[in-house]
Every structure is written in structure tokens, then in C-alpha cells.
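For reference, the structures are reproduced in the following blocks.
You will see two complexes here that share subunit A, one where it goes with subunit B and one where it goes with subunit C.
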Partner chain A sequence: MMDVAKRNNVKITGQGKTAIIFGHGFGCDQLVWNEVIDQFKIDYKVITFDYVGSGQSDKTAYSQERYSDLYGYKQDLLDVCDSLEDDSFIFVGHSVSSMIGMLASIERPELFSKLVMIGPSPHYLNEPGYQGGFDKSDIIELLDMMEVNYKEWAKYLAPVVMSNEDRPELAENFEQLLCSNDPKIARQFAEVTFTSDMRSELSKLTVPTLIMQTQFDAIAPLEVGQYVHDHIANSRLVIMKAMGHNPHISDAAETATVIKEYLAG
Partner chain B sequence: MEEQLNFAPLGYLVMDQELKIIEMNRTMIEMSHLVSVPTHMHDLLTIASRVYFQTYFIPAIITHGAVSEMFLRLKGPDGPIPVLMNTRKRNELFECAFMQVPIRNEYENELLNAKREAEQISQATAEANSELQLLLDEVKYKQEELNIMNGRLREMTNTDVLTGLKNRRYLEEFLPGLIAESNLTLLIIDIDFFKRINDTFGHHAGDVVLKELAEVLTRTIGDDGFAARLGGEEFVAVLPIVELSEAQKIAEKIRFNVEMHDWPYQPITVSIGVASNSDCNSFPDLLNEADTALYNSKNAGRNRVSVSS
Partner chain C sequence: MMDVAKRNNVKITGQGKTAIIFGHGFGCDQLVWNEVIDQFKIDYKVITFDYVGSGQSDKTAYSQERYSDLYGYKQDLLDVCDSLEDDSFIFVGHSVSSMIGMLASIERPELFSKLVMIGPSPHYLNEPGYQGGFDKSDIIELLDMMEVNYKEWAKYLAPVVMSNEDRPELAENFEQLLCSNDPKIARQFAEVTFTSDMRSELSKLTVPTLIMQTQFDAIAPLEVGQYVHDHIANSRLVIMKAMGHNPHISDAAETATVIKEYLAG
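The block that comes next holds the complex of A and B.
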């Protein structure tokens, strides 16, 4: 029997009954939600997890085949949901996770009551009549840059993800883990993320959806957020004051407030 | 800005926490080939660098208050300009220093390419190895198949096609060893007037008789030894017993069973010569002695057993 809780490093906190599950984006892990989820612990049952290959997931469970497209990650999310006793979830997904949540909601609409997308993009590449924001050469440059910077960002990310400043040895171990294990996985996740095309899936989504768009998001610009809003029937678009692609880190308070208002309304 | 900082041999830039540029030095402006100071950090970066910057800069600076050696590419009129950036958070502002690294970048790209090539080579090696392993497995399988076939072939070359008994070849191959190792008794069994059957009833009849005789021999000898066909109408029985009187009893039983058997064309009898290897130790010698005894049986009127003296 597969131990999803261990494989996906599932963490459950909060005193509420309604289950809310947070999915991290590419290049990070569940601990990026730390500040945001503090705002939900009183009213919700809060679930966070790492996709296989990220954070402290079981990296031996990673396979190039399963995670060669977003459907493998969608299965991770469904596995996590199915491993819990709750029968309905609110899903909050950052960046590529919003598309993963969408795929899960299309397959199992009864499982999700509401969907929150932060900085979603259904397709990053420019196409005739569609401005995803990237050319193929940009993606290649990005992948190269990740490789050159690999050790550096692993080092910086480690204490964030461990969130144990008083126990630096944990961060150090994690950094080693990240440096020795992850470059290939991170690269494939980046490739999968930046080459996916989910535009035709948007209209299949029936679950009520909140789209959170920040200012100056270099990864998912306003036009893309608007495109997502236009193609999902039951959606609301909120333009945030926050800047950049990581409002849940840079502006956790505003991020939590916007989500809460939507869920209350 | 102080002149020394303004013209320092490195780019210097200050931005607020929303990544809006507050000031930058002359060197930085020249480095990016700018006409005026842009408003946002993103305006300086290539698209890929922007993505990288947004994904990793904020988490890093928030945690540590500093970022060092972040590799980025600035937009330039003649293509991207590779730089290393150090940043420190001070007074709620981000102070950044930029160092151009075109030569180091070339080396780094070469290293990266070499690394990729090495990865490709090791992957190709791994693939070749697994292919080799498949081939080895195949060879092993073929080898086993060959062994089975060889076993069958040996069985075939050692077997008389008509009767299914061991043939002369078998005896020549294995009896010398048996004779050297242990005592045994050899019986030569010859059908009396076999030529008449062939002449009267045809060769097919002869074959039927030979086959039936093989069955009678096998049945009669049972676990006491084995029968073989030497050729023509000549058979042998090899008995691993020493006592000649004992062997003689079995020979007599054979003679009796053959005489009593219900033959299809006409009654058949056999003459038998018995010899043991107690005095001789080569297969031809033993065969000769048994043959002499058989000759005695024939001369004495056939349908009888003679023992070599």
C-alpha cells in the first residue's frame, strides 16, 4: 500500500472542519505557504504537501515517465485528497499548481468546492494570437540559468523550506539533498511547466474559481490572467496590489485576505 | 552620488522592496547601454532572467537579507550581458552590485556543454551496456538451447534408429570405461537363420522381427542390465554382474523367452555367447571372447547358450 502522507510529505494543521489544500509552484515546496496558512488555521483544516521531486517528498517515488506532463502532478494531488477522510476540498494553487488543480477538478468536479489560482498561466509560450510571454529561446535560457545558479539557489532556498533557523544543520542537510538529487528533477519540472499547453482545458472547468493576478508578474502577466478569466465560466478575477509572481511570500497578508473574502462571498 | 561610487568599476543600483529602481551609478547605466534610468528592476533583465529573478530572488532576500553571486543576464543592444549580482538588504532597501562576467560566462558555458556531453556519453554508455547485457542474456539462452540440442543429438547418435536400443557407437564409447571400472558380463545374441526371414518375407518382415526381439530383450533383462544392437541381427546384453552362472541363467531366460514368443511370420530362436571381463580388460577382447562362445552355440546346433571358457 502506497503511503501518500510520506511520499508527498503531507502536513495537516488547523482547527476548522472545511478542508483547504495548498499546492506549491515550480521551484519551491509547501513551506512557501507558511505565512499564508497561519491566517486559515482557526477556521479551516489546512493541508499542505510537496509534489514528488520537490521539498521533502520521497524522491525515490519520482519517475521521468509519470512526471513527464502535468497529469502526473494532478495524480499526486488526487492521491493526497484520496488519502484523507474529507470528501470536499478547497484548492489553492500557485502558478503551475493552479493548472494542476484545474486538471484534478475537471476529472473529479465533486471533490472540489472552490478553486483559487494565484498567478495562473495555461501556456507560457507565445503563439499566433496568444501572448504567453515567452519564446522558446527564453525557456532554454531559463533552464541554462537554473543550471548555472543551481547551487546558489539551493543554498538560499534551503533555510526557507526548512524554516528552522534555530536548527541550521537541518537546512544544511537539506541543501546537500537538494544539490545532489534535484537538478534533473527541477529541470524536468521546469520543462513540463513551461512547455505545457492547458488552454483547451480551461473551458472544461465547472468548479467556481478565483483568479489572483499581481502587478508586474513576469511569469504570468495580466493579459494571461485575463485570458484565464475569459475562458473559465464560473470565475472571478482579482487584481492584487502585490507585485511579482510570489504574493504568497512577499504579501502573505493581502493574499490571505483576498482568498478569505472570496471564500466568504 | 559620490563621484567615486558613480564611476566605480562595478554597477551599483538601489531598489525598494517592490523592485522599483531608486538610483543607479554611471557604470551601471553604461553597462546596460541605457539612455535613462529605468523604473523597474525587470526592465533591466532578459525575459528568462526576469522569471529566474522573480522565482528565486524574493524568497532568498527575505530569508537571508542578502543574495550573492546570482547569475543573471541584462538586456543589451547586442544581446544579453552576463552579470553576477550581489544584493544586501539595508534600511528596507535592496542595494545591488553588478559585475560583468563575459569571459567567465564563456568558460562556464563550455563547462556546461562539457558536462552535458559527458552526461550524454555516460547515458550512451549505459544504453550500450544494457544492450550488451541483453545480447549476453540472449547468448546465454542460445547456449542453453544448444546444450539441450546437443544432448538430444548425442542421444540420437547413440541410439539405434530401428529398435530404439543403444547402438554399437554407444558401446564403443562407454563400455571401455565401464570395463576398466568394474566387472561385467557381455552376452552376444544372434538370431538363427535370420537371412531366411528376409529372403522369404522381405526386409520389412526382418525389421519387424528385429524390433520385436528388442522388446523381448528389454523386457527379459529388466533391471539386470541393458540391451544394445551391434548391427544386422546381432544384439548384446550388458550385465553388471560377476557370477558367470548368474549371467548364464539370464542368457537362458532370454533364449527361452525368444523361443516361446509368439512371432508373426515364423518361430524364431537365438544363439547366445557369454563372456565376462574377469580375465580380459578391453572391449574388443571381451567382444571376441563372447563371439567365440556364440560361434560354439551356432556350431552346437543353435538355440542355445555357450559360456566362454
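The block that comes next holds the complex of A and C.
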């Protein structure tokens, strides 16, 4: 039998009964949630994990085929849920994990009571009538850069993702986190993420969903958050005080508070 | 001694201890809160009132001088609070009442534990570097129209304010509400509202503040909500599913839920 706990480096903590599971974004691992989950340990059963290929997951379980689109990652999430005794989860996903959680919730709506999306984007490319924020040439350049000089790419991307120029340590730490990835796996995950188009899936989601956007997010701009909000039937959109694409890292307290408020509703 | 309860037609209901007070916007009265407050009666002491000149307030208490700016209305709110035995209030203000509540909270920060602003605007006019949504000529035209043909003005304004074209009864009812006002008082209140500039006050507010915006608000557009959010230190911005400037009327359930979530945080 597959040992999901080991494969996905599943960690369980907290004193509560309600299960809340946190999904990290591209280039990250479960440690990014450390400060946020501290705020949930008293009232929740807190589950974190690494997608296969990320963090301390079993990298031998990675296959280019399974993780050639977001459905492979969706299956990771469902596998983690099914490996636990709980029969209902709150899922908090950052960035591409928002879409992974959405796919899981569409397939198994009974498994998820609420969804929290932090900086979601269903499609990163600009299209006629849709502003995803990136031109195709931007994405190609980014993926090429990853291949040619992964470290240079990390150095370029980290401050763009983090914003908060007045706190340079945030970008430095994030650069290190990006550099801790296997470059080949990260390259494929980046391609899967940045070329995905989940726009037509949004309307299939029935689980109540909180969308969290920051004031300035270079990866998922406000218009994208509004698009997501418009297309999910049962959603709420909160604009945070935080800036940048990683509020769970840069502003963990506000991130936890906004999530808790929504869950209390 | 001044009988504030009578002057401002103060109504108290609910079974809870925590006092929550609702301030109506321009052209309205406390009845606009009816559906929303139903959701608060179990857990709160619910207070509604009419500003002098509106609803069933004592119109003989109206004076052009006292109500020549928002500070007169701010004093109404403080008078109502001081007439009650509670020493701390949550204040929920719609539209111009958001700014009235802000002024009261700046003067007496200890009196308010939390502030909720629904569709606030600190300044309705476009200025260099600020998009309030209206040109000066729009405002002059609106005020002239009120004077020349109040009913025609109400008929014009109601659908603009309410949006939700698919629910024409909303605009019809709001038109009737506007028509129930004393045209002279309403004309002065409109001028006070639409020519106010509270932008420099925002940063003086220290009370935690929830800002609620709808997806499409012709009176207070999203950019204005973001401006308010940017300039209040301790604020949260929620974008609702509702449309139009009066979500407490058109979408009372969502309005109540969003407020409750914030208060639970």
C-alpha cells in the first residue's frame, strides 16, 4: 500500500477536531505555513504536506507524466485527505494550490467544507478580454531562464513575488527557498502552473470559497482575483493590507486573521 | 434636557449585550436596516436611529447651521451613543454614515470598538491623482435637479444607486424612499455629502475598520474603497458578491454575514 504520509511528508498537529489542510504553492514547501498554522493549532487539527517533487517529499515518486498538469497535484491532495481518518476538510491553498484545491473540490465536493484561495489565478496569460498579467513571451522567457540559470532566475523572481522592498530579507529568504528546489522538477511545475487555464473550471466549484488578494500582487493582480470572484458562485473576496504574492510569509498574522474570520462566519 | 431618543427616533432591540448601532445614509432612514438587523438581534443589542431631518426624526430640531457639514451629523451619532447606558459601540455606517462614524470615532476613539463602512467615500469629486467618480459639473447638475424637480431627480437617481437592473422593484422602492424625504433638507444633506472632503481624516482613524464594497457601485467605485483601505491604518476591505450602492437593502443576508465574520475575528 502506498505510504502517502511518507511520500507527501504529511505533518499533523493541533488540538482541534476540525481538519484544516494547507497546500503550498509553486517553488515552496509546507514550511511556508509555519507562522500561519501557529494560529490554528488550538482550534483545529492542522495538516501540512509537500507535493511530490517539493520540500521533503519522496522525489522518487515524481514522474513527468503524473505531474504534467495540475490534475496530478490534485491527486496528491486527494491522496493526502484519503490517507487520514477525517471525512471533511477545510483547504487553504496558496497560488497554484488554490486551483489544485478547486480541482479536488470539484471532483469530491463532499470532502471539502470550505476553500480558502490566497492569490489565486486561473490563467496567467493575457487573452482577448482577460488580463492574466503576463504575455506569452514573459512566460517563455521565465521558463528559459530557469533552464539556463536557475539561481539567476530565483534571484530575479524572488523580489518580484515578495514585493515589500522595505523588508529585503523577505526576498532573500524566498530566493533561498526557490533555490532549495530540484531545478528540473521546479521547471516542469512552473510550466504546468504558468500555462494552465482553469477559467472554465471556476463555475463548477460549489464549495464556499474565500479569495484573498493583497494590495499589490505581481503574480496574481487584483483583476484576476475579481475574475475568480465573479466566476465562483459562493465566494467572498477580501483585499488584505499585505502586499506581494506571499502574504502567508510576509504577513502571517493578517493572513491567519482573515482566514479565521471567514471560517467563523 | 434634550430627548435624543425622540429627536433621533432611537429604536433598541435584540437580546445581546454588545451594542451595535447602525447609521443610515443620505436620503434614507433607519428602516433600510430592517433585514440586516434581524441577523443581529440574538447576539447583540441593536440600535437604529434617524439623523435629524431624516425618517421619523424630529424635523423641528433641524437647523441649516448645525447640519451645514458632516460634523452636525457626527454630533447626532455621539448624542445617540451618550443617551444610552452602553460605554462601547460597534458602529455600522452606510455611505456618508461611514464618514460620520469615522468623525465620531476620531473624536471619541474609546467609544467605538469596531467600525463597519459600507460603500464609503471620503470625497466624491475627481481631483488630480484621485478618482472620486464624479466631476464637479455632475454634482452641480444633481443638486440643481433636486431643486427644480425633486421627484424627477429621485426617479433618475434610484436606479443608478441600486443597480441590479434585473430586480426593478429595488429601484422603485428606493425611489419612493427618496421621495419620502423633505426636499429642502435632502437638498442640503446632498450638498453636504457630495461636497465633503474627508480624505485627510482617514489617517486619523485608529478604530479597527471593515470596509465593504460591492462589485459595481456607481456612487463609490472600487478605487475609492481601495483609497479608503490604503489610508486607514487598521482596516480590512471585503468585496461583496452584491452589486450597487445599497447592499444592505439589495443583499441583506450577505451584508449581515460579512459584518458578522469581521466581528467574529
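Assume the second predicted complex is superposed on the first by the 228 of 265 C-alpha atoms of A that agree within 3 Å, B and C clash if a C-alpha of one lies under 4 Å from a C-alpha of the other, contacts with A are read in each partner's own complex, and residues count from 1 in each chain.
Convention: contacts are C-beta pairs under 8 Å (C-beta built on N, C-alpha and C of every residue); 3 or more make two chains touch, one makes a residue touch a chain.
Remember, predicted model here, so these are calculated numbers, not experimental data.
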- A:226 contacts which: subunit B (first), subunit C (second), both, neither? second
- Query: A:133 contacts which: subunit B (first), subunit C (second), both, neither?
  - Reply: first
- Is A:257 in contact with subunit B, with subunit C, with both, or with neither (first, second, both, neither)? second
- Where does A:265 make contact in the superposed view: on subunit B (first), on subunit C (second), on both, or on neither? second
- Name the contact category of A:32: first (subunit B only), second (subunit C only), both, or neither. first
- Look at A:237 in the shared chain and tell me whether it touches subunit B only, subunit C only, both, or neither; answer first, second, both or neither. second
- Please determine whether it is subunit B or subunit C that touches the greater number of subunit A residues. B
- Touching A:216 in the superposition: subunit B (first), subunit C (second), both, neither? first
- Message: Under the stated touch criterion, which partner chain does A:148 make contact with: subunit B (first), subunit C (second), both, or neither?
- Response: first
- Task: Using the superposition on A, tell me which residues of subunit A are in contact with subunit B and, in the other complex, with subunit C.
- Result: none
- Of all residues in subunit B, which touch subunit A in the complex? 17-19, 40, 42, 46-56, 58-60, 62-64, 67-73, 80, 108, 112
- subunit A-facing residues of subunit C, complex: 215, 226, 229-230, 235-241, 257-258, 260-262, 264-265
- Note on the structure: Counting only contacts in the complex, subunit A reaches subunit B at residues 26-28, 32, 133-135, 138-139, 141-142, 144-149, 152-153, 156-157, 159-160, 216-219, 243-246, 249-250
